[in-house]
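My questions will all concern the structure given below.
As written, the chains take the letters A, B, C and D, and residue 1 is the first residue of each chain.
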Amino acid sequence: MSGNSFGTIFRITTFGESHGKAIGVIIDGCPAGLNISLAEIQKELDRRRPGQSSITSPRNEADQFEILSGIYQNKTLGTPISLLVQNKDQKPEDYTSLATIYRPSHADYTWEKKFGIRDPRGGGRASARETVARVAAGAIAKQLLAQYKISIQAYVSAVGKVINPIPYSDLDLNNTENSIIRNPDAESATKMIEAINLAREQGDSLGGVITCIIKNCPPGLGEPVFDKLHADLGKAMLSINAVKGFEIGEGFQAGSMLGSEHNDPFEMKNNKVGTTTNHSGGIQGGISNGEDIYFRIAFKPVATIAQKQNSIDNAGNAVSLEAKGRHDPCVVPRAVPIVEAMAALVLADHMLRAATNKI
Amino acid sequence: MSGNSFGTIFRITTFGESHGKAIGVIIDGCPAGLNISLAEIQKELDRRRPGQSSITSPRNEADQFEILSGIYQNKTLGTPISLLVQNKDQKPEDYTSLATIYRPSHADYTWEKKFGIRDPRGGGRASARETVARVAAGAIAKQLLAQYKISIQAYVSAVGKVINPIPYSDLDLNNTENSIIRNPDAESATKMIEAINLAREQGDSLGGVITCIIKNCPPGLGEPVFDKLHADLGKAMLSINAVKGFEIGEGFQAGSMLGSEHNDPFEMKNNKVGTTTNHSGGIQGGISNGEDIYFRIAFKPVATIAQKQNSIDNAGNAVSLEAKGRHDPCVVPRAVPIVEAMAALVLADHMLRAATNKI
Amino acid sequence: MSGNSFGTIFRITTFGESHGKAIGVIIDGCPAGLNISLAEIQKELDRRRPGQSSITSPRNEADQFEILSGIYQNKTLGTPISLLVQNKDQKPEDYTSLATIYRPSHADYTWEKKFGIRDPRGGGRASARETVARVAAGAIAKQLLAQYKISIQAYVSAVGKVINPIPYSDLDLNNTENSIIRNPDAESATKMIEAINLAREQGDSLGGVITCIIKNCPPGLGEPVFDKLHADLGKAMLSINAVKGFEIGEGFQAGSMLGSEHNDPFEMKNNKVGTTTNHSGGIQGGISNGEDIYFRIAFKPVATIAQKQNSIDNAGNAVSLEAKGRHDPCVVPRAVPIVEAMAALVLADHMLRAATNKI
Amino acid sequence: MSGNSFGTIFRITTFGESHGKAIGVIIDGCPAGLNISLAEIQKELDRRRPGQSSITSPRNEADQFEILSGIYQNKTLGTPISLLVQNKDQKPEDYTSLATIYRPSHADYTWEKKFGIRDPRGGGRASARETVARVAAGAIAKQLLAQYKISIQAYVSAVGKVINPIPYSDLDLNNTENSIIRNPDAESATKMIEAINLAREQGDSLGGVITCIIKNCPPGLGEPVFDKLHADLGKAMLSINAVKGFEIGEGFQAGSMLGSEHNDPFEMKNNKVGTTTNHSGGIQGGISNGEDIYFRIAFKPVATIAQKQNSIDNAGNAVSLEAKGRHDPCVVPRAVPIVEAMAALVLADHMLRAATNKI
């Protein structure tokens, strides 16, 4: 009810404030007997952590995790897996001056209206630091999906006005991690890094777009009415901090196409049912059809900027503010593992939900 | 789990196949003591029903509803409200020839993979006829929201390549219902109707875009982590048949903006906290801030077209098919009340969820 | 949230008021491809219906059901099954005089405090007529369980002070339906009927106890912490009108036993793991162990009696009332199919939940 | 789905194995702005902890807790409260010999059938050590209920064959904590302690009964159909380790009463609606009526006994076992705070659920 849980059978609950003692997650419903690689979890946390490259926030969090329950001798027990990351690099004094100010396009005002109280230290639970928990849980979901050969790969396809113009199917997605911007196309990657450096110099910030591709998803996942596979993916993505848009397959472009252009005829491919084209993005009627699932997610620019801004305080007085603290000029590269994690959580859940579809 | 329910406190469950006996909905969690206008429910169903204008399907369903429970002397009892619409104009013989064929970009193949069985009559439960139930339930949610002066208005902002270029704030949304296309801008409305008529003549179909605006939403609605208000709105919209994209506020455009352009400074407006601009679309950190909430939804073109198409049957044989039956060349105008209904369901639920946020 | 739904994967939602148009149920999550016998459903409804014998209420309801969705060519589609029973023998005029009176040990007062409004016609939704919906849904759950050879049989083991003293394992449960009291022991059955007839003559009512036995439940059903199999069975039973107690295995008797008396040692039986005794009632740590599951449910006497009673009206005035209308002096025999139905719903749900316990 | 969560709006999720790193709980949905006394939480944990008196297990756990999130400056933030208790006195070597043996009336066999794997260290998550988490969460629920003057008090009313014969209303419940057995009647308390000491000497164990009373519950709590207040209380109690029975009001005794004896007439008491008698136990139609809510819970004797027992191992071989380790001969006194905690969780949840019952 309070929206701190996600999923139905494979279900996570996250907790923790940005500058509280820890961020954590409970993963309930993971089947027993799954081998867990702890290194794979740390690898995903490292992809998300601040301070990993020259274009990210210098907040220095090693983000080492600890598992308190649910895994015994490297195997899941079928009981809740609890996973904790201590908050180490807390400097709450950076934030006390902001306790009464409503920062533009932050959640300060809306939380105060909702709860009558807020934790001013680094945005409290409104901070994207909460996504540490999602990435950790997603790393376990990925290991479950790997049993079924399902892979999830995301990359940065736009930063500000710089666009990677190449279709995903012509990219080598294994190159994504080779660039600090997480764009497998070297040419646009270089321009994106330049754009971020320029924004930082100007005390400004940038948004962007991430593209995500799911391969080897078996046909039959997704519930056909409200919990369509792409509706759950869309909600998962829109629940990530700073996301303002989601589209699957042709997305908004589909609105301007003719039915005769957009339809994907079925055909036999290697003795399996497939489609000749894939405008649908691998999902029809809310259910996966076995083709690649691909979707795009739009991120707004980071709200915290170093330029002077006008706003008000909680007494209604006009104030002028200028961000201090340690912030990314563009979060999109660090959001790549978050996108993958949320996609993995959706897929793992629907994989388990599908287990009882038929006699 | 099976995804036929939507909402948490204000929760609906829909049922029914396109050519079964009836489509219906159970609305659970509507507070007791709410006065219900049956005429308002019928009005919304009439906006959705086929055969309402020259540009919609000639399937002739009066879509008259019956309430079986939950309302006594025109007031809600606090018990489940059950509402039924009989399917009258059933012509299942139109569909028997399709029982073994996988129509392109329809859900025939994916349902069969999921359930091992499907109802071939008009798509069964995959048909958009299921949205009758949503519109009826949404009409009750709207009456609950009206108690708080919250209004929801959607309109068609694009059909195929024809776009209504005027920002919503410069339109008179009360004109929406005056045109059969549900676009309050007369100039682009005319072109949209022409485009639809052309598509029909060519045996083709068109997609489009709907814009939806929620006014007078109080600040404080939405749960801050997974159930962000726009994440729930996004899921609601993506669960509507044929929807391929959702964006809120600046949406995908936000990805190419600078933080200094996109941020919405707070200011006092008539002694209330407001924002100078509204790039955020009325939601910050997943919680409403009191400004207008606006979002856009992309619809793919209708999959059923009168042109000859290639596909396969369930034995893997190549087939050629040509749609008969009664279909809309463009469903977007009829989707306007569906979009409003789903938005109303999300808002009603979050309104009730907010009741226990603080002591 | 409003408590009109039961179950998680196999999930039902009931609706309808006692003297409204209909009572119904939506069954969501039943796997696709299950053959459904409509006759089996009617048989269960007939076991529950009023007017079936000399010791039950003369309210005359045929309780014929109609299925609106979810079943096609006698097979489940995997979509919501909706099932409706019209209320035919409505005599709301019997009840109008009660609209302002709080009947002793009825829900009139508590509903009014909760909802601020109530349907006075026959108790509205507080009436045990709601259990028609449970029995219908349970009849489908039983057909699912029959696939796994799981059987559920309940019988009346006490009425007022008359007790059937024979352990269930020494009874032939196939005799249960041979007596109108649903007690397979002829001797105590006769005394129970006499007790009921005497209570009716005196304008009084009686409670009783039902014993229920589940055979062939496979080991491994039940979730070990909050959703223990017997905790869910207990809730299911306590949710039936007039139930005041539930005990499993030795139940309250276990409280006075020694560990050395109560423990059930494991042993091999026909090459399968079993227990030498079964004081536990077939469940250990909340999970079935393969032995018979047996439990007892206590019913209070019917609140509606023909004797004059004192109470107050909703203005606080003292009133004297004497029941008219058509009521059972003892509902326990008619509750037997309700108990079985609720048990079947719990088992069907846990059977599906167990599908994802391990890799 | 996996049953590690309890509640709907006020919802807890527990995690942790008996001899893992920690036991913990996430409390989600607690309203913001509630003052929290940490001392009250510790007090409840101390009532539950082993080693507190001569009649409890010598396992020595201080059970000091740590709060990781959700509370800031002693006030709830409206975000998830996470609370952890480290497991300090772990001696897993006590248990390795049991890894392949199915102990009688323990959950070893059933867990293995369910999950295919189990944590043999002290029963893993099947251990009643999990209830540390419930007591901690219940201590927060109690603080929420205290805002509404609702109090919950339980006591031991039977141990083995020793019964406290005095009705709760004639006892001074404030004396409960004065005896190590938690029975406010000194005479039967002494006999209970003697019975426990005798059982220990004989290497045996005892069960018992706890009675719980809720005072000042406002009328109107409880959902009328499946989530009746006593059905949720019953499930809560039956989910506690070793519980085999639950009864409310007259309970099983009600089955042998006449309607004219059992009915509770309404009357005005101090200008408020009340009932002359309270056979119903404060709940009618599943909804509280403002009178005392009282119920009884039966506990089986502890399964671990020091006597030699026969059983089998997981290869089906007969084995003889004799418990070592540190165990209580009777857990009932330590279960008193667990019963109160579970009751508090049910009440807190229904208090919040009632917030949206009417317009």
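Following the convention adopted for this analysis, a residue touches a chain if its C-beta (ideal position, glycine included) is under 8 Å from a C-beta of that chain, and two chains touch if they have at least 3 such contacts.
Just so it is clear, the model here is predicted, and its values are computed rather than measured.
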If you average the CA coordinates per chain, which chain's centre is most distant from that of chain A?
C
Taking each chain's centre as the mean of its CA atoms, chain C sits from chain D at a distance in Å of 26
Chain B to chain D, mean C-alpha position gap in Å, rounds to 46
Euclidean distance of C-alpha centroids - chain A vs chain D, Å:
39
Multi-chain contacts in chain D, i.e. residues touching at least two other chains, fall at 1-2, 4-5, 8-9, 14, 29, 32-33, 78-79, 114-117, 125, 224, 357-358
Taking chains as nodes and touches as edges, what kind of graph is this: line, ring, star, complete or other?
complete
Which stretch or stretches of chain A touch chain D in the complex?
1-2, 4-5, 8-9, 11, 13-17, 20-24, 26, 28-29, 32-33, 66-70, 72, 75, 77-82, 84, 114-119, 124-125
Going by the contact rule set out above, which residues of chain D touch chain B in the complex?
1, 9, 29, 31-34, 78-79, 147, 224, 352, 355-359
Which positions of chain D touch chain C when the two form their complex?
1-6, 8-9, 14, 102, 104-107, 109-111, 113-117, 125-126, 130, 158, 160-161, 199, 204-209, 219-228, 230-232, 234-235, 238-239, 241, 244-268, 271, 273, 275-276, 279-281, 283-290, 296, 298-305, 307, 309-312, 316, 318, 353-354, 357-358
